[in-house]
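Structure first, then comments.
We just call them A, B, C, D and E in the order they show up, numbering each chain from 1.
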Amino acid sequence: MTSDAAAWEALRLSLWVACWATVLAVPLALWIAWILARRDFWGKSLLSALVHLPLVLPPVVTGYLLLMGFGRNAPLGRALDSIGITLAFHWSGAVLAAIIMGFPLMVRAMRLAIEAVDPKLEEAAATLGAPRIAIFGRVTLPLIAPGILAGAVMGFAKAMGEFGATITFVANIPGQTQTLPSAIWAALQIPGGENQAIAMVMMASVVAIGAVLISEALARRVAARIAGA
Amino acid sequence: MTSDAAAWEALRLSLWVACWATVLAVPLALWIAWILARRDFWGKSLLSALVHLPLVLPPVVTGYLLLMGFGRNAPLGRALDSIGITLAFHWSGAVLAAIIMGFPLMVRAMRLAIEAVDPKLEEAAATLGAPRIAIFGRVTLPLIAPGILAGAVMGFAKAMGEFGATITFVANIPGQTQTLPSAIWAALQIPGGENQAIAMVMMASVVAIGAVLISEALARRVAARIAGA
Amino acid sequence: ERVTVFAAASLRGALEEIAQAYPGDVSLSFGGSGTIARQIAAGAPADVVVLANTLWMDWLVEQGTHIIGAPQPVAANTLVLIGPKDAEPLAELNDLPARLATGRLAIGHRDAVPAGTYARQWLEASGLWNEVKDRLAETDNVRAALAFVARGAVPLGIVYASDAVAEPAVKVLWHAPASDHDTIAYPAAALTPLGKTFLHALTSPQAGLIFAAHGFQAVIQ
Amino acid sequence: MTLSAHIRHRFGAFDLDVAFDAGPGITALFGQSGAGKTTIINAVAGLFAPDAGHVTLNGDPLFDSTAKAFVVPAARRFGYVFQDARLFPHLNVRENLTFGTRYAPASAKGASLDDVTDLLGLSALLNRMPATLSGGEKQRAAIGRALLAKPQMLLMDEPLASLDGPRKQEILPYLERLRDGPLGLPILYVSHAVDEIARLADTLVLLKDGRVQAHGPLYDVMADPGAVPLLGVREAGAVIEAEVLSHATDGLTHLRSSGGDLHLPGVQAQPGTKVRLRVLAQDVMLSVNKPEGLSALNVMPVTIQDVHQGDGPGAAIALRAGDDRLLARITRRAVAELGLTTDMRCYAILKATSVAPGSIGR
Amino acid sequence: MTLSAHIRHRFGAFDLDVAFDAGPGITALFGQSGAGKTTIINAVAGLFAPDAGHVTLNGDPLFDSTAKAFVVPAARRFGYVFQDARLFPHLNVRENLTFGTRYAPASAKGASLDDVTDLLGLSALLNRMPATLSGGEKQRAAIGRALLAKPQMLLMDEPLASLDGPRKQEILPYLERLRDGPLGLPILYVSHAVDEIARLADTLVLLKDGRVQAHGPLYDVMADPGAVPLLGVREAGAVIEAEVLSHATDGLTHLRSSGGDLHLPGVQAQPGTKVRLRVLAQDVMLSVNKPEGLSALNVMPVTIQDVHQGDGPGAAIALRAGDDRLLARITRRAVAELGLTTDMRCYAILKATSVAPGSIGR
């Protein structure tokens, strides 16, 4: 494999991992964000602190913790393995790492959006006979769409950029777990690898800028619709 | 220096760096967030993409870019050096790295908060004679306080946890630039360092959880005041 | 006056002990060899630099970095194949692929991590490379490869002898012959006159003893 | 369909303790700003659980603090027109209007989208977003939204406050039809406008500082001397019942009440039906002689039952005209000059045009 | 202080093109929902820059589309009472009220906090947060907030729509005092309530679909037959000027107009001052004979100037009483029965209590 081909392979894998991570994390993050924004319960602040933890811990540590929790020898990892879900040394492990690392960002964006929704609108929907789930789907969800989008973009960007936890948890297996950041890092560890690294940094930047531009355009559309323009 | 003392020293430095990074980044992030939320100009989406970039790039890359930009041999670094500002291999460089890495998170939280403020309230303040700056200070700012708080907590947490860009930019000099994550990483590099690492992970977690708890309590106070409870 | 030493992270245990014995104040900053080399090139305030691989030292010299004297090796190391502590001894190296079964072989990144490069050379020399190259778990540092074996995430790994010594959860299954890979040397260079003194201390016999105690091989001047 | 409510709740210094029944027809909650009207209607809608009390509909508990019963708002199916419009900002007017339709049971009857958009003048606005609507347009859309949810009861919190007179005059008859038509939709109606209430309400609940001051059929309450200061002196008046005899070509309707014949404009009812007429006390003049050559067409012989002199320059005169009661408000000076006393016979003069069409109901 | 505005703006299908002057005193914008009232007032406040036109105050441009002039809202110092209250949710009532005070020039005169809280009944609410206020309480706080910014002009968009009658009756005289007092504060006033406008306004701008239908001194516009359908027939009427002669002990005031003497309740002005009286057309009865023994105290000899018969059952009779004009609305049948024709002399009867205190201004 030429190093060029390896870079494209890494890009493909990074996109794949980032998309999966975003798709899987959005509903979960939304749920946690909703709980944090709208429910009151004992330990709520602790839950919030827990969600923030991956921000604070060095990614290596998160990687080690994942390894201890989901590795081949860990009970949880074995259990998942027995039902056909392999995480160790598999791209799905990279997805898990990306989800966890991006989770604080996604939850916070969505939570802020939910907190900004006037509960009186939800009350109005209730008086019109809408059951809870419909209130969420037809009132809350569309109103927080910009926040979800913001969270999704942050999660996606983080997933594209995640390196430390991923390599510690699932190592660096070309085509499986060698994401773009791993490849960039590797290139930088070799004297004279800068050019290759720069090329891959460009790739990552283009993807990220593209994702942000798309999300900004979508958000603008939503805002314009509400303003009636 | 015993390794225990080194850990405390690293904690002290991390707190110092994180506090400085938060204090310095909040106004800047607020400004960018306000521009992104309230202004319309050519290249706005690109600015937004730029802000997101540190999320996407592997931290090492950000670190190298900083090193290339602000290193002792780089023109910018030399210029700053000549006016007495040393960044490379200095704790102030760790602050810069933390600011840049936390910036996307802070900007996004504040932007979402600003977007949630009804511009009609700002209009009302204008009709009461308030100049722009007073409108911002007396209406917008208090209304987005929860978002600023959220952004600050995320930025602080990220600054406490930042590792890749920091170690690349300012190295890992105990008492100078060895933050808690660097120390944790270093501890994990030698056999038997795990226990020391675990102790430091605990320290970081306690700080982060404390910060989140405080911010949650503050946010609750603000919300309670507005609800008139 | 304080001596600042930028050193490869795998030397940490030994260097800390040497620093303690050193009469002056010593500040040790650990990182990956590539990172450290670039930092030195960017003007890091180091008096001494110690790397885990000669490639980066050569690169530093090429960059025109101001070095006092010539770089010199301060320690050497050997490579070992390890398995979990209850592993059966390996009858011959060619059993390695069979022992892997469906598992993976943990090594440092084949190009980015020096230990990984040496491991690749060894495997190539012993004709196993093609058989295992798609069954590797490459890590960002050799300690992570050790951890994979220690945690049972992989059945086998190739690490430095110095790492294997200190980890009770693993067992050495095979020693790599020194001829099968480049010399595993830790080259050091002094960047300032102050550093020159410390470099002396690094190459002293006492230092050699300490290196040896940490599983390295002392370099006989 | 009868709603029965007993609500006790405390918000800081405000202490609400009210009990009332709202039978079929329109029940008006009237009281000054801060009297607790919105709080009551919120409790009925189930938007919060009061500290104590109960709310029942046809005897079924919707809320009961002792039995810990609480039916969620969605299950109550009360169409609520909020004091602020509360349209969904992300939905256009059409989507707002039809928001609740799908949750109504298939058997529920109610207005159609076309009816409602026509009535409320929303047809041209259906594709507009709420942010672009004027204050009155928003409020109209909010009324339509509540109607189209096919509720079993309507809760309206000052629904017409931001509407202009002509538009009000279109909507009020529609509300009357909702009440009187096959749906017989009961309405709990909050308003500051006595004329609206006087026109619409069957039952009136007068509130002050979180307490019920008076409660009962509209005409009893409106005639209650204690209620007059709360309602405002200009709005006091009585009600008489009359049968429609015929409609003349000049637009006047000939009606017969127990006190005499009346000729009034703007009566829509069919000949033979009975209507009720609200006659404001200030629209009634008294004459001791039978008046001649006067532009007022309606003159009734009456007997003075009571002369009630207040502090101000006015006096309230209770009159009997046949079986009906009338109320006249004239100056004290006129009382003195004409020598009006109890049991005196005189003539009540009622300007035909001064009985607003809106005062004629049922 | 004269505001002159010419505003052209297009919002989707809505096309606004209006020009009007607002001199000293109160200028009312009246028109049905969606006519463009809020849009105009927003343009005057500087909340948006219209597509074309200009807004000047005493000749100084606040906005001019050709000269590209635009003074920011804060510099215009117009106190704006929004149609929705728009209180600052994070500030309590006191902080909301005093928000603008510090930006007023030191020389600016205006109401004091105590005055305003007393007038608006806010004293007990000063430490409350807006989220806990009732609809009317919010609106009152919004009025107070605008007043306390010591503006050079007030813009009020349906400020009293959510207030009860008694509260309105307290606030209206206060607005009159602001207009008439030493401040001479001009007010641009949007309302749907004709009685409010009739009482307060000096100048009336009648709007329909973004166009000015009629514009001028209140009494000219109110007497304009073209304006009657926009105002509503019940609100048509004329104005006469009268001098206060004396106040009697029974609360009636003796006034002299060019058409004859009047006895009215509720007049506050000092003897010797001139007042203006609004007499609703529907409050005027006509008699061909001089009436005797009638409870109405005010009878004036008049000459019929015009008999205007519309489509409905009513007719408008223009009358001359001395130098003043009166308008009477009676039924067509009465016109026929009494044989009323132009130039005929007859008597206008005016119930004393039917002239509301609010109809007496200046």
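Of note:
As a working rule, a residue touches a chain if its C-beta (ideal position, glycine included) is under 8 Å from a C-beta of that chain, and two chains touch if they have at least 3 such contacts.
From a predicted model like this one, the values you see are computed outputs, not experimental measurements.
Shared contact partners of chain B and chain C, listed by label: A. Common neighbours of chain C and chain D, listed by label, are A.
Look at the CA centroids: the one farthest from the centroid of chain E belongs to C.
Taken over every residue number at the interface, the positions common to chain A and chain B amount to over half, indicating a same-residue contact. Farthest from chain B in terms of Cα centroid separation is D. Chain centres here are Cα means. That of chain C falls 91 Å from that of chain E. Chain E has its Cα centroid 57 Å from the Cα centroid of chain B. Centre-to-centre, using mean CA coordinates, chain A is 20 Å away from chain B. Between chain B and chain D the centroid-to-centroid distance comes to 60 Å (mean Cα coordinates, whole Å). Among all residues of chain E, those that touch two or more other chains are 12, 84, 128, 132.
For chain A, residues touching at least two other chains, in rising order: 64, 164, 185, 188, 228. By the contact rule set out at the top, the touching chain pairs are A-B, A-C, A-D, B-C, B-E, D-E. Here chain E touches chain D in the complex through residues 11-13, 31-34, 37-38, 83-84, 121, 124, 128, 132, 134-137, 140, 157-158, 161-167, 192, 194, 232, 234-235, 248, 250-252, 263, 265-266, 282-283, 285-289, 291-297, 312-314, 328-334, 337-338, 349, 351-354, 356, going by the rule given at the top. Every residue of chain A that touches chain D in the complex is listed here, in rising order: 120-121, 123-132, 134, 138-139, 142-143, 222, 225-228.
Of all residues in chain C, those touching chain A in their complex are 32-34, 37, 55-56, 58-59, 103-104, 106, 109, 111-113, 136-140, 144, 147-148, 151-153. Contact residues on chain E toward chain B in their complex (touch as defined above): 45-47, 72-74, 76-80, 82, 84, 86, 88-91, 99-100, 103-104, 128-132, 145-146, 149, 151, 155.
For chain A in complex with chain C, the touching residues are 64, 67-68, 71-73, 88-89, 164, 167-168, 171-173, 182, 185-192.
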